[in-house]
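Both complexes shown next keep chain A, but they swap its partner, so chain B is in the first and chain C is in the second.
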Partner chain A sequence: MGYKGKFKVWRGDASGGDLKDFEVEINEGEVVLDIIHRLQATQAPDMACRWNCKAGKCGSCSAEINGKPRLMCMTRMSTFEQDETVTVTPLRTFPVIKDLVTDVGFNYAKAREVKSFTPPKDLLPGEYRMQQIDVERSQEFRKCIECYLCQNTCHAVRDHEENKDNFSGPRYLMRVAELDMHPLDTADRKNSAQEEHGLGFCNITKCCTEVCPEHIRITDNALIPMKERVVDRKYDPLVWLGNKIRRRTSSDA
Partner chain B sequence: MATDTIAPGPEAPAPLSPARAQIEQKTLRTDRWWLSPLLTMLVLVAFIFYATFRAFQNADYYTGNLISPFYSPCIATKCVPGSSLGGFKPFGDWWSISPALLILIFPLGFRMTCYYYRKAYYRAFWQSPPACAVAEPHGKYTGERRFPLILNNSHRYFFYAGLIFNTILSWDAILAFRNPAGQWGHMSVGTLVLIANAVLLWVYSLSCHSCRHIMGGKLKHFSKHPLRYKGWTLVSKLNHKHMLFAWVSLFGVALTDAYVALVANGTFSNPTFF
Partner chain C sequence: MTDNTENTENAVGTKSTEPVERHSYDVVVIGAGGAGLRAAIEARHAGKRVAVISKSLFGKAHTVMAEGGAAAAMGNVNPKDNWQVHFRDTMRGGKFLNHFRMAELHAKEAPDRIWELETWGALFDRTKEGKISQRNFGGHEYPRLAHVGDRTGLELIRTLQQRVVALQQEDKASTGDYEANLRVFAETTIVRLLKDASGRIAGAVGYYRETGQFVVFEAPAVIMATGGIGRSYTVTSNSWEYTGDGHALALLAGAALVNMEFVQFHPTGMVWPPSVKGILVTESVRGDGGVLRNSEGKRFMFDYVPDVFRKQYAETEEEADRWYDDQENNRRPPELLPRDEVARSINSEVKAGRGTPNGGVFLDVSTRLPAEEIRRRLPSMYHQFKELADVDITAQPMEVGPTCHYVMGGIEVDPDTQGTVVPGLYAAGECSGGMHGSNRLGGNSLSDLLVFGRRAGLHAAEYIDGLGTAGKPAVAAADVDAALEEALAPLANADGENPYTLHHELQVTMNTLVGIIRKPEEVSEALTKLEEFKPRRTKVGAAGGRRFNPGWHVALDLRNMLIVSECVAKAALEREESRGGHTRDDHPAMSSKWRQINLICSLNEDGSGIDLKHQPIPTIRPDLLGLFEVSELQKYFTDEELTVLGDSAEPVAEAKPAGEAKPAAEPEVKSEPATESKAEAKSEPEAKPEAKTEPAPIPGQSNGEKAADTAADKVAEKSTEKSATAEAEEQTAQAEAEAQTEDAETAAEEK
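After this line comes the complex of A and B, so read on.
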C-alpha cells in the first residue's frame, strides 16, 4: 500500500546548502535508501549519496535520519508515521563533499596511526597458534563494518573540531583494545591509547554503542576495558608496585 | 582535513569546520531525547537532597535491631548506644556532627566514579552531550584527562571500599534476625528490607566494570587462567545489567534508610514474623 510521503534532504556542498522539501511515493517494505534512490530517479538526478550493498554490511550509506546517525539501507520507512516528515542530512562530523556524501578521510588517517599487529619476533607467519578462548573476546570488534557512525556521533569530535588531532574516536580505540587483548600482540598499547589516541577524551556516554548498526558493545567491551588497562599502567600505584616486585610484563598475563 | 574554523559567538559552542554541512539546528532529532536526561537529573537531585538531609539529621538511624545503611558502620563515640559494630568507635567525642559524614564518602565515591553513573551525570547535569547527536553547549571539551575528572580513574579503590561496606551491611542484615532487645531467632519486615538492600548492593558492586577487569578482563590469555575466566564470564553477565543494578540499588539504599527512620521515630512499628 503506497502513499505520498514528505522528505527533507540536505542539498549542497562545502560552500553552503540547505534542506530541500520533497514529496515522494513510498511503498510497503521500503527503506530510506530506496526513497533517496527514487528521488534521484524522479526528481533530483544530481543528488549525491554513497551506497553499495544495501544490506547493512558495507557501511557506505551512513547519514542522519531525523537527526539520528543511521544506515539509510537499514532504516525502514515503516518506522515512521505516514504523515511524518523524514529529514535526511549528511554526517555532521566530517566535511561534506556533496549532498549526503562526506569526506571520511579523517578515519583513514586515524586508522594509519594505530600500530599494526606486532607478534613476537621469533614467531613467523604460519606459526601463529592461539586458543579460541583467547581470541573470542576481540572477535566481537571484527564485526565492525566501518560505517563511521560511532566516529560521527562521538561528541568529543562532533562538537569539538579542535580535538580531531588528538582523538582517534571510538572505532580506532576499539582497534587498539582489540590488539591489546590479542594473545600474540606484544606492542605496548596502553600508553599509546591514552597519550596518542586520546582515550582520556572518552567520557563513556555510550553514544558510539547506541548508534552501532552491528550492535557491538563498544563502550562496555572495548573502551572501558581499555580504560581499566590504562589505569593499571598509569594510575594505580598498587598494580605498578606489584608488577615491579614480580617483574611482570603486560604480555605475561 | 580543512583547518579553517568559524569564530564562535559569545554563547556559541566550539567552532566547527566550515567544510561541514552547514546545518543551523543543534539537533534534528524528533523524538523525546530530552526525557531521559531530565528524569535522570530529577531522580539524582531528589536522592541528593534526601541523602544530604538524612546524613546531617543525626537521628532516627537505629532501632535496636535495624540500622540505616547511611550510618553503618557507626564509628563515632556519639553514635546511638548499640549501633556501633563491635563497639568500634575510633572517632571520639571531638567528632560532634553526624557520624554518617565519616563514611558516606566511600559509597558516594563509588557511585560518582562508576562507569554507568558517569554517563548519567555527564548527560543529565553537564550536558556533555545531553543525548546522542544533540550538540553540547560547551566551547571546550577535555574529557577525563585533567583534574578533577581524571580522579574517576580511582574507581577500583572505591570498589574495594565498597566490598568492605557490603560485608558490613550484610552483617547488619544478619543482626536484624534479633529483636530490639537483642535476642536472636527473630525476623521482621525490617530483616527482609536489610537483606534486600545488601543483596542489591552486592550485585551492583559485582557487576561493576572494575570488578570485571580485576576478575579477568586484564588478562591476555584466558586459557592460562580457567578459574578467572569463569569469574570474568559470570561478572560479564552481571555487567550487562549494571545500569539496572545501579538504579535499583540506589532506590534500595534510600528506601531502606527511610524504613529504618520511620521505625526509629515511631511512625510505625516494624512488623515481626516470629
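After this line comes the complex of A and C, so read on.
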C-alpha cells in the first residue's frame, strides 16, 4: 500500500533558499510530519523542522502545506492524490531561521505585553468560586496551543510588516478577551485592547478562525465580543460624559 | 545526504577560535515543563536570579500532553477524601516501593499547589458549588483529579508560563528589563553539567539549537527537570525531547539513579494507523465510563483483578456500572485498576488471540455516554481519532494498546529537599525517582511536578544562601573545552554512521527486548547490543552545519539514550520479581524480600558503563504504616517488618525474633536524606544474597481459573493468615500468567 510520493520542501536560511525536490516512500495512515521525518532519516539529515508531540497538542510543527497554514502532524497524506506534489514551506509571516523553522519571537514579545491575570486582592488560594458556565468562555480560548497559525495567516501582519509594532495578532487579542471574560479578573482591558494591542486592525475576515487547528472560534467568540466591549466603553454617551467631567483614567471604571 | 550546500557558512567551528557566550545565574533550571517552571518560579520568589533552559520553544514541553488531570485530595467532590487516602492510594499503586516520605509530602501538599494555580489564572472545570471539579481515575479511591476537559497538562503549562511572564512583568516594572531575574533560554540543549574542584555544581554547558553556538552557564545550583526516557522505545507517547537528558547528565556528574527498571506502559495508546502508534488515549475515557472489550466483545478486565486489589474492585458488570452513580455502595470497575495491571491484561488478551485486527483491544465509550457528553468531556480524544484515524468515538470503539509512557525510576533525591548526592544538584518531576515506587497512578504526575518542583526551587535557593562567603563554585575551563570537543565530534565526522539509523536500532532493541514482559535472556541480549552500540555512537556523523541541524542533535542525544537504556536493562535483569512497571517472565510473583531493595545505578570507575548496587529501602514510619489494615500490608511486607505495628500484627510476627525488625524509625523523619545516607549505603554490606531468595511457589491457587475464583477470593481474602503474603504474590502473578508464555509483545508490531 506504500507508494513513492513527490515532495517539494523549502530549504535555506535568512540569506535565501529555494524549493528542493524529493521522492519519498509514503505509507498508509501517515501524516506530512512522518514524511519530513523520513526525509531527515534517509535523504536530508540536517533538514530543520520543529515538532514535539506529533498529536496536535503542542503546536510546534506549523508550516504551510500547498500554501495552506497547517500543523504537519495533523495533515494526513490521504488528503492528497498519490500523484500530487506536496509542497511544504515555512510560515511566511515570520523570519526564516532555517528550512521550515522560523523565528517566532514576535509572539513571545506580544505575550509579554498583555497585562497578567489580576485576581481580587482579598481572595485567598482555595477560596475561588466560579460557575462552570462562567468559565467556559475563557476556557475555549485557553485551548489555544500557540501554533501561531492564526498569527501567520492574519493579513494585518502577513502582508504588512509595518503593523507588527502596533498589532498583537489574533492569538494575543484573544488572550486579552480571555482575561476580560475571566470571572475573577479585576483589570480593565478595554482601552489597552484597542490602543496597545491594535484590536481595530482586525476587520473580521475570520481567516484566523479558519486555520485554527483547535477549532476555536477566535473571531466570533473573542474578537467581535471584545470589539463590542471596547465600543461600549468608547462610544457610550454616558461614559463619554463622565470622562469629560471627571477625566477618568483607564485604570478606574 | 548531500543537499545542504547552502549551509557552508556554518562550517564547524573549533574551540580555539570560538568565543563562548557566558551567563551567570543563581539557579539554572534544566527543563521548562511543569516541574522546571514551578521550580524556577519558586527560586525567583525566593529572590534568586534564575535561568530556565528549554530544549524546545517555551510552552511546548511534554507536560502539554498530560490529559486527565492533577491528583489532589481537595475533597471537593467527595468530602471523605483527604491526604491519608491519597497517600494510601499512591503507595498501593506503587506497590509499596515508593519513598514513603515523598508520597506523604505529595499527598499533603498537592491541594495547595492546585489552589495556587488558580491565583495565577488557571481555569479548571467546576463543581456545582463553583469549586474545582474532580474526576475519577485509575487507582484513586475518590474522584480526585482537578482537570480541564482532557487537556489539563496544557492548562498547567500555560498557567505556569503565564506566571513566569507575570514575574517578568514585575521585573520590567522595577528594573526596566523583563529578563533581569528570570530568563527562559528557548531551544537550548545542555550537554554537560560542570563541577568545581571540590565536587560541587558550578554550572552547565550547552548549545543554542538555532545557531549551534555554545553557551556556558555559571551557577551554584542546577535543578534537573528534563522529564523521561520514552524516545528509547519505538512505541511511545513521548515527544522527541524525552531522551533521558536529566538522568544521563546527573549520572555523568556523579549522581545516582534509583529503580530504573520501572517503566510505565500506559495501557491505552493508539494502535492504528501505524504512524500514530503510541499516541496517548487518556485514562479519562475509562474514568468517565469507557470500557475495554476484546474481539469477542467481552469486558475482560474482570478476569484480571489481582488479589491485592480485589477488595476495591467490582466483580460484576452490574456492580461496576452502578459505581459511576453510587460510589458509596459499589466497588470500582476493574478498567480503573492501576496502569500496570491494565497494560499487562491488554497484552495478555492480544497474545491469546482475542485482540483487534490491528493488534489492540477495543476501548468503547460510544455505547456508554451520549455523543454530546463525549464531545464535551473528551474533546481532544474526539478530534484526535477523527482527524488521525477516521474514527468517530461517539459512534465506534477505539482500538488501543500499551505504549511507553513514563519512567518511575530516576535521579535519587532527598525526599524533602530534592537534593542529590552532588552538592548543588537538584531534581524534580519525571526525571527524579522514588515518589511513584514501581508504578505511577494517573494524575499523580501533574501534582508531583508541582509539589516537588516547588520544593526543588525552594531548597536550591536555601542552598545558595547557605554557601555564605565561601563563594560560588568556579567553572573549570578544561571541562568546558572537553564538553565542546565531545559535542563537535559528530560534525567533524560527516561521513560517519547515520545517527537516525542507530537511534532506530536502539528503539527496536529496547522495545522488543526490555518491554512490558522481560525475559532474562532477552534483557541480556539487549545489554550485549547496547555494548555494541556504544562504540558505534562515538562514530556517528552529522552532515551539514551547526545551525538548527536535527541530525547533529540526534547524534548528541544518543549518548543520553544509551546511558538510560543501559540503566533500565541492567536493573531489569537484576530485579528478580514482578512489581508494577517491571514484569519478569521467569519471576511472575511479587516478593516481599525484593520490596526492601532499591536498585541504584551510578557511573562506573572509568565512565564506560553503569554500576548497579542494592540499597535498603527507607523504613516506612509506623504512623504511616498504621494507615493501612494489617491484612493489606501482609501482602507486601515481610513478617518481621510488620512487628513495629505491635499487637495488631501479632499473628504474623510470632515466628520471627523481634530483633530482626528494622528499628522502629526516627519519629521526626527527615527520612534518609540522600546526601548523607547514600554515602553510608555504599559502604554497607548489601542485602543482595538474601534478596535473591525467591519465595517458594505456593501450591494451590493455580493460574488460569481466575474467573471461577473471583467470588471465592473475596471471602478468602478477609481471613488474614500467614499465607496471605505468599498468596498475594501468587495472585499478582495471575494477570501476567498468560502473558508469560508469549513474548516481548507489543514491540513485535514494530512496522
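By our rule, the second predicted complex is superposed on the first by the 233 of 253 C-alpha atoms of A that agree within 3 Å, B and C clash if a C-alpha of one lies under 4 Å from a C-alpha of the other, contacts with A are read in each partner's own complex, and residues count from 1 in each chain.
Operating definition for what follows: contacts are C-beta pairs under 8 Å (C-beta built on N, C-alpha and C of every residue); 3 or more make two chains touch, one makes a residue touch a chain.
Quick caveat: nothing in here was measured; it's all calculated off a predicted structure.
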Taking the superposition as given, does A:Leu241 touch the first partner, chain B, the second, chain C, both, or neither? neither
Query = After lining up the shared chain so the two structures overlap, which partner does A:Arg229 touch, if you call chain B first and chain C second: first, second, both or neither?
reply = first
- request: May I ask you to decide whether A:Gly12 touches chain B, chain C, both, or neither, giving the answer as first, second, both or neither?
  value: both
| task | Scan A:Ile145 for contacts with chain B and chain C and give back first, second, both or neither. | result | second
Return first, second, both or neither, reflecting whether A:Gln131 touches chain B, chain C, both chains, or no partner chain. both
Which holds for A:Asn52: it touches chain B only (first), chain C only (second), both, or neither?
second
Classify the contacts of A:Cys202 with the two partner chains as first (chain B alone), second (chain C alone), both, or neither.
first
Chain A contact set shared between chain B and chain C covers 12, 16-17, 131, 182
In the complex, the residues of chain B that touch chain A are 1-2, 5, 13-23, 27-31, 115, 118-119, 122-123, 128-129, 132-136, 138, 140-145, 149-150, 153-156, 209-210, 212-213, 217-225, 229, 239-240
In their shared complex, chain C is touched by residues of chain A numbered 11-13, 15-17, 20, 27-31, 34, 40-60, 74, 76, 97-99, 101, 104, 108, 111-112, 115-117, 119, 123, 125-126, 128-132, 135, 138-139, 142-146, 179, 182, 215
Within their complex, chain C touches chain A through residues 1, 3-4, 6-7, 56-62, 64-65, 111-112, 115-116, 118-121, 123, 125-126, 129-131, 133, 148-149, 151, 154-155, 158, 162, 165-166, 168-169, 172, 178, 186, 210, 239-241, 272-276, 279-280, 379-380, 383-384, 387-389, 498-501, 504, 542-545, 547-552, 751
Within their complex, chain A touches chain B through residues 10, 12, 14, 16-17, 19, 64, 66-69, 84, 87, 89-90, 92-96, 102-103, 105-106, 109, 131, 133-134, 137, 153, 155-156, 158-164, 181-183, 198, 200-207, 210-211, 220, 224-225, 227-232, 234-236, 250-251, 253
